[in-house]
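Below: the structure, in structure tokens.
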Amino acid sequence: MPEIETFYDVMRTQGITRRSFMKYCSLTASALGLGPAFVPQIAHAMETKPRTPVIWLNGLECTCCSESFIRGAHPLAKDVVLSMISLDYQHVLMAAAGHAAEAALDEAMEKYHGNYILAVEGNPPLNEDGMFCISAGKPFVEKLRHVAEGAKAVISWGACASYGCVQAAKPNPTQATPVHKVITDKPIIKIPGCPPIAEVMTGVITYMLTFDRLPELDRQGRPAMFYGQRIHDKCYRRPHFDAGQFIETWDDDNARKGYCLYKMGCKGPTTYNACSTIGWNEGTSFPIQSGHGCIGCSEDGFWDQGSFYDRVTDLTQFGVEKNADQVGFAAAGVVGGAIAIHAAVSALKQAQKKTQSTPETNKEEV
Amino acid sequence: MTDSTASSPLAGTDADAEDLAHVSRQTSVYVYEVPVRLWHWINAAAIVVLCVTGYLIGSPPPTMIIAEATHQFTFGYIRFAHFAAGNILAVAFLGRMYWAIFGNHHARQMFYLPILNVEWWREVLFEIRWYLFLEKRPKKYVGHNPLAQLAMFCFVTLGVGFMIITGFALYGEGLGAGSWADRMFGWVFLVVGGNSHVVHTLHHLGMWWIVIFMIIHIYVAIREDIMSRQSIVSTMISGHRTFKDDDPN
Amino acid sequence: MTITPNGFDLDNTGQRIVVDPVTRIEGHMRCEVNVDDEGIIRNAVSTGTMWRGLEVILKGRDPRDAWAFTERICGVCTGTHALTSVRAVEDALGITIPENANSIRNMMQLNLQIHDHIVHFYHLHALDWVNPINALRADPKATSELQQAVSPSHPLSSPGYFRDVQNRLKQFVESGQLGLFKNGYWDNPAYLLPPEADLMATTHYLEALDLQKEIVKIHTIFGGKNPHPNWLVGGVPCPINVHSTGAVGAINMERLNLVSSIIDKCIDFNKNVYLPDVVAIGGFYKNWLYGGGLSSQCVMAYGDIPENANDYSAANMHLPRGAITNGDLTTVHDVDVRDPEQIQEFVDHSWYEYGEPGKGLHPWDGVTEANFELGANTKGTRTNIEEIDEAAKYSWIKAPRWRGNPMEVGPLARYIVGYASGHEDITEQVNGLLTTMDLPVDALFSTLGRTAARALESEYCGRLQKQFFDKLVTNIKNGDESTANIAKWDPSTWPAEAKGVGMSEAPRGALGHWVRIKDGRIENYQCVVPTTWNGSPRDSQGNIGAFEAALMNTKMERPEEPVEILRTLHSFDPCLACSTH
């Protein structure tokens, strides 16, 4: 593709000096958690690579993933879009509509067949022949399959594409289905979160552009570099957790001192994401820092784990609305009660037996 | 495992010919060897600790402000006690499994169910009837009675096994991705769909399964000690099963 | 030809134009129009093409969790559903919130208004008026002069600055990888800006992109993240501690300073960039007066931004409440969202079923039961719709009505209601703009009027934001640091049955959530959302909705290039995920 300029070309002609280009590369390196040794490698990648075509599809979603994406600070969303990738189809931002938009899609698919990245925000519903999400008159799932066919790799943006998210919460009336259950023959990178952190989104893209490979994925298909640890593992309130210093109720003294939100239902101990390290909106804060527990928004099925405010949650999995302790207490109570009765009857029988027979005649009873 | 014939009064139990001879001629059989008894009491202690600390992990005690967080480790100790007891439980369980292979045949009883043996089922039914006061006279058993065997298998082999597997899966989260526990037990999360909160819930429910076992187990042990024709409680201390009569049936 | 009860002549002969997907909106939408020989739109059909079933999913859940579910109705107007939801639950359970929580919620809601309006104008709407390709022909020096003329105090205005942007743009275009600008309608004669203005506006497109990520940090500070900050029934989750030990774990002086600096940034940008751009660009399109639609007839607002906590009466609101019907600006009706006679939703042309034709349901008794079926005159197949049959069911959007009228909601509706009811700030702003642009009041009832009202509102909201910041600080100064009321946090304190309603003014207009709670669980939850009003399909009477009405009688330069359709639809800032939820 000789007509495609490299990222470096674009930066240079923008009037950016070699020096600030190198500075940019070292910033990228540190954003990715890499040491200075990687700076030349990043620079080389930027100097030689054309802008990678990205086709971005929207299914059933709320567009918060697009919104999060444009909050990107390093790199800036505008730099990503103008200089790093070629965003050839993206409903929320593209100029063209209708036939012209679909023509742009067809053209990109044809021209870059096998080379484009498919980024999916949202998911396809399968009920009602897929017509709970219609694009250009047809079920979205059809479009998804069609575009995936020529993709090099698929990025599942957010909890919707990765897991189904809110529309897949029980009873999932549209049968909203995560991307990997529909596209099974392509490498899929899940970037869960509702939405994912902007810099995680751009971090994954820059990683792929820089190192020309897919990021290392964890067991669930998420980049290990950002999803390898729990919120809880790097939460700055963790010392309070270990100390047993908890917020007991909203806005109490402990809340004002920034104690641990565990008792308020914090799902940080079971949530894999980068919030407690990278933070949100340029590290301004993250849910826990602003006083609310993590609701587990980057985990599969986080909508169906009982109330966000319970630590020991209701057993929605079993169709009862009691938590494990309530169920356990009740069951143990029933067993204990039964045993008490049983013991009473046993004692009675034993007493009867004693009066009816001498100890020695025990064996004669049949 | 048993060379008694189907017509034998103790068919379907784990008593062999030698045991049968003991039952009718002697008043005591050595059932639980030292490792089994040792395991039993370590196990009992560990589980009590695990239940108490586990409950507190789900519902922590009220906040205590003794020092700055860095110098206070209240909840940390509770969790530490849980993990320590959990590790002891697991190691002991492994040891018990080893002994099931190398110990006497009674040591195996907890780990299998002779579900294809019709007689065994008949005995289970008999024991149920005994507990429902429908049988006047209890039978003699050397090891566990078949109902107890069923209960031990479900509550202990499966129950404690489940707690160990889910427990170490959760433990692996703390040790971190790539840790031995994560590598060995990380699959557990995939089984439940990916969200480890589900494993917490299941592990928590499992506690109640174990609590229910404890209630039944201790009651039955004492009751049988009084009402059955053999010693129970002292057996788990001395290892010897003493019979209160010489009748083999 | 039919004349609808709300006065539009529909003629579905002529050329049928289909726009699907409608882009630069939130969610999935389709639009079909019929144009006559002169290229004038004579029939308009708007279809919401997605549905997720949030109202179904909410049933049986903990009402304290509902904010998180409903917040995910939309990531663009993020937070507004959550706010509306906690209000509905608080209304049902009789929970009051502390004054500080009210101030913080107001700041967050105002912040959303500003953010949403700026992103809408620059990133979702501007390309309907601004031609970035044409910007390549601009003289940066002339652009600089233009910039300094329209906004003397904007610091980024040197010729060199504009030259750099232009160079960057040039490289981008010359790369052949046009990305987001690909297949735009760049040589359509509907674009009227001179290259200097195109360059200035394109530059601001990029500036606004940088700025918007700063603005939302107010959400991040109080709610932990954006999009989708966290909320709390009974107040706000962030505690305040400005005086004592541990303050760094709460809203403290550093956090307040950050909030304050962001508020100033909003105010500056509105004043120096957004409003001047609207005036400058609008000036070139003064004669494009299409798109009034329902705005001159039926508009409605619920009001929002309560001055004092827990008082949701119209008099306590900074954004106005009221309804205007039949174009009678002299009468502003009271709106009572609890009144079953006032607000009803119909589904005769929507893909839902009530079991009875022509039936309207008040949201407390609302039913959401999907039923996808196409009319007999649909062209294409069930899974490949070429032309939709608007005589039958044709949209996933329900048809809400106020006393039987389809209504327009949104910034323009708020401004018309405010203007008609003599709201001081609004009247002053509107008169000021009309004078500056030398336009009559009637000019408001148009596509551009909608766009202008949004900009004015952004400016007004910036000021209000500051007001509530000051109020918060004053209250803290007076010794009140409380942010949450937990008296009824525990479900055991709730009545066995309760119902409530929450209202707000979302960026796109009047938003209501109605909830019924039974035994501590949600029994029924219904949302009637701004884009449900604006994007409404026809009702059983044949009334067309606000989008459809606004497209009527527009002249298209080139019917196959839907620039004009996009202009008018975009002026509403459609949000389809919201509309159908």
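Worth a mention:
In order of appearance the chains are A, B and C, and numbering begins at 1 in each one.
Quick note on the criterion: contacts are C-beta pairs under 8 Å (C-beta built on N, C-alpha and C of every residue); 3 or more make two chains touch, one makes a residue touch a chain.
Remember, predicted model here, so these are calculated numbers, not experimental data.
Taken chain by chain, the contacts run in an open path, each chain touching the next and the two ends left apart.
In terms of Cα centroid distance from the overall Cα mean, chain A ranks first.
Subunit A and subunit C have Cα centroids lying 27 Å from one another. Taking each chain's centre as the mean of its C-alpha atoms, subunit B lies 62 Å from subunit C. We define each chain's centre as the mean of its Cα atoms; on that basis subunit A and subunit B are separated by 39 Å. Within subunit C, no positions touching two or more other chains are listed. For subunit A, the set of residues touching two or more other chains reads 259.
By the touch criterion given at the top, residues 163, 218-220, 224, 228-230, 233, 239-246, 248, 254, 259, 262-263, 267, 269-270, 296, 299-302, 305, 311-313, 315, 317, 324-325, 327-329, 331-332, 335-336, 339, 342-343, 345-346, 349-350, 362-363, 365-366 of subunit A touch subunit B in their complex.
For subunit C in complex with subunit A, the touching residues are 18-28, 30, 49-54, 56-57, 62, 64-65, 68-69, 72-76, 78, 119, 123-124, 127, 164, 167-168, 170-172, 174-177, 179-185, 206, 209-210, 212-213, 216-217, 219-230, 232, 234-241, 244-250, 258, 370, 372, 380, 382-386, 396, 481-484, 486, 489, 521, 560-562, 566, 577. Those residues of subunit A that touch subunit C in the shared complex are 3-5, 9-10, 13-15, 51, 53, 58, 60-68, 70-73, 76-78, 81-83, 85-88, 90-104, 107, 125, 128-140, 142, 165-167, 169-174, 176, 194-195, 198, 237, 249-251, 255-259, 275, 280-282, 284-292, 295, 297, 303, 307-309, 321. Contacts from subunit B toward subunit A in the complex involve residues 55, 58-67, 69-70, 72-76, 78-79, 131, 133, 136-137, 173-174, 176-177, 186-187, 189-190, 193-198, 200-201, 204-205, 207-208, 211-212, 215-216, 219, 223, 226-227, 229, 244-247.
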